[in-house]
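Everything below concerns the one structure shown next.
Chain nomenclature is as follows: A, B, C and D, assigned in order of appearance, with residue numbering initiated at 1 for each chain independently.
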Amino acid sequence: MNLEYSEEYVAFRAEVREFLQGWPLTGDEAQLPVHEQEIRFRRRGIERGYVYRNFPRAYGGSEQTPDVLRERIIREEYAEASAPGDSAGQGPSMLAPTLLELGTEAQRERFIAPTLAGEISWCQGYSEPGAGSDLASLQTRAELQGDEWVINGHKIWTTTAHEADFMFGLFRTEPQAPKHAGISYLLVDMKAPGIEIRPLREMTGASMFNEVFFDNVRTPAENIVGKRGEGWQVSRATLKHERNLIGDPNFMRRAYLSLLQLARDTTRNGRPAIEDPSIRQELAQIEGFFMSLEYTGARLLTATARNEEAKVILPMMTMKLYGTDLRQRITRLALDLLENRSLIAPTEEEGSHGAPEGRPGTWTADYMSAIAISIAGGASNIQRNIIGERALGLPRDLRTPK
Amino acid sequence: MNLEYSEEYVAFRAEVREFLQGWPLTGDEAQLPVHEQEIRFRRRGIERGYVYRNFPRAYGGSEQTPDVLRERIIREEYAEASAPGDSAGQGPSMLAPTLLELGTEAQRERFIAPTLAGEISWCQGYSEPGAGSDLASLQTRAELQGDEWVINGHKIWTTTAHEADFMFGLFRTEPQAPKHAGISYLLVDMKAPGIEIRPLREMTGASMFNEVFFDNVRTPAENIVGKRGEGWQVSRATLKHERNLIGDPNFMRRAYLSLLQLARDTTRNGRPAIEDPSIRQELAQIEGFFMSLEYTGARLLTATARNEEAKVILPMMTMKLYGTDLRQRITRLALDLLENRSLIAPTEEEGSHGAPEGRPGTWTADYMSAIAISIAGGASNIQRNIIGERALGLPRDLRTPK
Amino acid sequence: MDFGISEEQELLQETVRGFVTNECPATHLREVFDGESGHDPELWAGMLEMGLGGLTLSEDFGGAGLDILDLALVSEVLGEGAVPSPFFGHTVAGLALAWGGSDEQKASWLPRLASGDVVATAALAEAENRWQPEQWSLETDKGTLTGSKQFVTSADLADLLVVGISGGDLALVERSADGVDVTPVEGLDRTRRVAEVNFDSASCEILPGGNRVANRVRDAALILLAADSLGAAWNLIQMTIDYTGTRQQFGTNLTQFQAVKHQIANMAADIEQTRALCWYAAYAQDQLPDDAPHAAAVAKAHITDRAMEAARDAFELHGGIGFTWECDVQMWFKRCMFNRTVLGTPEIQRERSAALAGW
Amino acid sequence: MDFGISEEQELLQETVRGFVTNECPATHLREVFDGESGHDPELWAGMLEMGLGGLTLSEDFGGAGLDILDLALVSEVLGEGAVPSPFFGHTVAGLALAWGGSDEQKASWLPRLASGDVVATAALAEAENRWQPEQWSLETDKGTLTGSKQFVTSADLADLLVVGISGGDLALVERSADGVDVTPVEGLDRTRRVAEVNFDSASCEILPGGNRVANRVRDAALILLAADSLGAAWNLIQMTIDYTGTRQQFGTNLTQFQAVKHQIANMAADIEQTRALCWYAAYAQDQLPDDAPHAAAVAKAHITDRAMEAARDAFELHGGIGFTWECDVQMWFKRCMFNRTVLGTPEIQRERSAALAGW
């Protein structure tokens, strides 16, 4: 164990920091649309080897030797500079690795590089109204007619559907096949005729999600990833990435620090709430959970760097369950600190991603989102099953005979 | 709703109190063995109509019109005077009502009156090492040989086995019959040859329970309650009483008041712990649970008095789960208040029924017992199933096909 | 001694429940919830017709002459339906007038409150969570009032405001008086809209018995909130049973999963056990004045807190759909949030109850 | 930067684990647990042979020259086995001497501690839960010490005591000195026996650096307890998996019940997530002095608290048998209780960590 950065890394950090002086763009470039500026700066980062380090150069990545420390430094410095680096969007973080692993050469060439750069944006089409945690019961059908899939049905919980160029998703292509076996993983142009997008309003008042309706929507036959009927297996590669995203420790750190600030800024009996013995106890308890999560994150990074992921299956799998619980603890205490101010409806902005930190409305919305998170990406009960069965070797649930 | 006692009841209380001046016994009677004194005074209480009010006079009860208020007054005054009234022993509280409901006339005549008086004492033989919550899997066998049952096997968790004259219990009499159907409810003389009693030591260090081994133990054929193979149904009448016992609100009240006293007597930063904001919050939260339980107890009493038990099935069924949880909250906070003093091993006395209140060792033992209680009389998980299925109408668990 | 509600009280609940079921089913509630005003005049008129405008007011003034316990039972049913209406503020204001008003004030206002010709509300909170009488700070000067109150329910509908002022006193202000300004606030609970009310030398009348009864009024309001949460939580449990009983996952009903069933059993145990506490605390307001403030604080803290936990579980058990605006869960969830915080969070009430218990 | 333990450290754990599995299986532990002395000289001799007598002591003195992190890793494995031994007190006393002793004191004692020729222990607690250096009150007078210490582990086996005294100083007292009286106390955790030690003008030596290092010694002791609980909890989880995996109820394995499986998954999630905190806090003692006291307080509070919850669940999931003296669960359950309270409960540690964080 060594938590110091060696000289090599200190130098690397300085180098990254200097590069990041280039953001925001200046001169003529500053006049370009923001999205265009982001693409340009991201491309420069790729050239320098800072961005998309795990992707081959052939597909628009920078193909660097894995180095968890460098990656951490890059992440920290980019965050500090608010500069566009590795995108957390669903295309770069979920689709691109899936194509790299399971796509055809043509798919890789066509999609990966522009997806990484930000020229093609993606949304995800897994969930349906009747199939949340249980993806095997998907109903949206895709029928092969000539050289096209014809899609009919209804997806839900699709974020950024109205901005996305394409959707990657699961569709039932073999209606006769049982459960998982009848599903394929398809790519669909969101501009295709027959697609209707309806924003889904959340209880926070914001609309981060959409419903997407398909009425005879067509996508070329070659837009299938993996084999027909094997979409389930393809999606599991992707889902793995999503589960990791939800446990993002940076997010938790911001929430935790924001809670401490709130406890400093709020009064109890005429003194800062953080000095109240009862609040201190609750905060300190939360700190125990938070530090556990934070250092477990560091532990997982190191295990990855050492190629020892097999040793950390249990902490990796339990991180989401633990993080979900912590986020609920944090937001609940925040509401108690806010008292009356928690009763004001959040604005749309406060209920959306990237909401301004520390505002009462942001906390109130986050309190509700924190409960929703225990549902998203596999409900907590499903997580407990997975932990029990895969990490601890417990038997599967009893099932009704089929 | 009316929480005042009317004049009639005020007068009744005075009458009971006056009668209780007669305890402890005086003069020659005071020289008798304590057990004999108790029997005498209990008999006087029966004559007055204070004791065993629900049992017919023919079987040694006082056969009074049900009156929840009088019963409450009697309970309170007897408790205040520490006088022997209705016994909480397993004979009077569990076996006697069962015989009254399901016994033969001969069984009633032989057993009920002396059991109520305290002349015959009983222990319970349900649990076995392989069958805790799942009584259907009992293994101890009773075989009818001529006019006697011959018993072989092993019971566990038998309280007061070494003091009891008889055991009532469940035995497998039809080994071929499936599960519940093969069990009968038998009465067994604890002095019979072949019975061996071994105290079972608990983690508190005390021995409140025993194991009872049966080696060709014989009991007359007529000592069966209910029909052959219907012991399961007979036992359910009895078990109902036990579940009620465990949720005893008087017990909880003593524990709660004892916790408050502890918080007054313990120091935090040089002042009584009860003045510490963090401890106050925890205590006040416990008070909310405690008052809920206490008034639910009053609600159930009134419902019984009004013959409206059907209206209170849910609160009745949830009381144990709630009480178990509360008892764990109380003992856990007590340990935190005790700090170092919680690390001393309880004495045998402190780990037993009727342990001196408020002693550190009593709290430590009670902390452990409180967890054990979530197991006794149907584990909490079983309770949740029962509440879900019987009170809320939820479906039964999925089961493996038989 | 009898710890239970009477047949009349059961009938009262059934009557109100029948009204709520018919006149304010979730589909209708939804319209009001999503609507601009948050108010349904017809619904309110129906409630007034049932006598809910003056349930506890003396029959001399056209009220029903009932007890706080009856009020709590009604409040519970209104919580079951998350019924939007001026009921809460109107009731609290009526109690303040009835307990603290002069004979003239009572004669002048109470009949109109009972009939609903006048809608009243109570303005208790001030900035920085100052809900309690000893924290009120608005000053009067020659019969006029200046200052600001927050989280006043249905203020935009009210003709009359009972305002908590310094010294724990209570003042009557007519909404139409000069210098009264009502600014609606976008509150979380859309079934009970709130506003900030500013008084700028608005003419007012002091309730002569105001500071004698302000704590009692506050305690009655605590009971109303606790009872409302009890009803709301119970409805959330019922919604969850209904939803999980039909929702299929992995080929079976959700309720057949032990984890789901146990979570529901825990919710039911938790909430059903608080009902008796709610009854006791309400009864204490009527009959046991020494115990009333303490019981009100405990009931408010405990019941609104447990209800919020039940609401959380109901939300979780509804899966993703529970997070949508369209799902009805949110209407009760937010109502529970409101009840839990208004007049002081559980933490505040617990500190109060500890002090009242002499700890 | 590398957040993980090294191969050498894994090997160290495996070595100790192998020893514990062979030399102190539950059957053997049971004998010591039920025995009069709570001590097994052979077991202790084996531990000394592995170098556990002076793991962190300098190689100059015959120690292994390892870090607190290594110590924590060993302590975790000893917790897994609930190994009874003077390890805890001996280690803490060794650190106190190594960090605060004079050259002479070190030269005189450390080699004998490392070899185990001398068994040492640390006497920190006083009446009224006074564990912390600033709370110590024993006074010295002309090289003699008077007063009383509580909950001294393995005091009856010790030859040498490091005693916390007023001013946050540390004194060395030989057990054989006149005026030293050891009274065994019937402690709950029978794997680590405790005693009250009274000093009546017992001759003592002050550690010259004592008050400079007392806090650091206390922090290292906190780490040892946290790590021990981590190991104990993990063993309880394993015992529970084993038990529920074989125990039949209603015709199936207990683990096939979702409620049971989920409870075990929660235990595992809770405990496994604390491992990294334990590592970090131990590492901080070695390398990050500014953060060390805070990290030690958080780790002690959090890990021993979570371990106690896991112990509670393990007990519950073992059913009635878990309540018996014969069931092995109690040996770890009580060890977790000990770790959670000794040197200050989670509540106390949280108040400390809050203060150290500048809250």
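Definition applied: contacts are C-beta pairs under 8 Å (C-beta built on N, C-alpha and C of every residue); 3 or more make two chains touch, one makes a residue touch a chain.
Because the structure is a prediction, the values reported are computed rather than measured.
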Interface with more contacting C-beta pairs, comparing B-D to B-C: B-C
From subunit D, the most remote chain by mean C-alpha position: C
Whole-Å gap separating subunit A and subunit C, where each centre is the average of the chain's CA atoms: 40
Length of the line joining the C-alpha centres of subunit C and subunit D, rounded to whole Å: 53
Multi-chain contact sites of subunit A, meaning residues that touch two or more partners: 277-278, 280-281, 381, 384, 397-400
Shared interface positions of subunit D, touching two or more other chains: 252, 256-259, 262, 346-347
Residue ranges of subunit B in contact with subunit D within the complex: 127, 129-130, 132-134, 136-137, 156-157, 200-203, 205, 267, 278, 335-336, 339-340, 342-346, 364, 368-369, 371-372, 374-376, 379-381, 384, 397, 399-400, 402
List of subunit C residues in touch with subunit D within their complex: 257-259, 262
Subunit B contact footprint on subunit D (complex, rising order): 125, 128-129, 150-151, 185-190, 194, 248-252, 256-257, 259-260, 312, 315-316, 319-327, 329-330, 333-334, 337-338, 341-342, 344-348
Subunit B - residues contacting subunit C, complex: 1-5, 9, 69, 72, 260, 263, 274-275, 277, 280-281, 283-285, 287-289, 291-293, 295-296, 298-299, 301-303, 305-306, 308, 314-315, 318-319, 321-322, 381, 383-385, 387-389, 391-398
In the complex with subunit B, residue positions of subunit A that touch it: 276-278, 280-281, 397-401
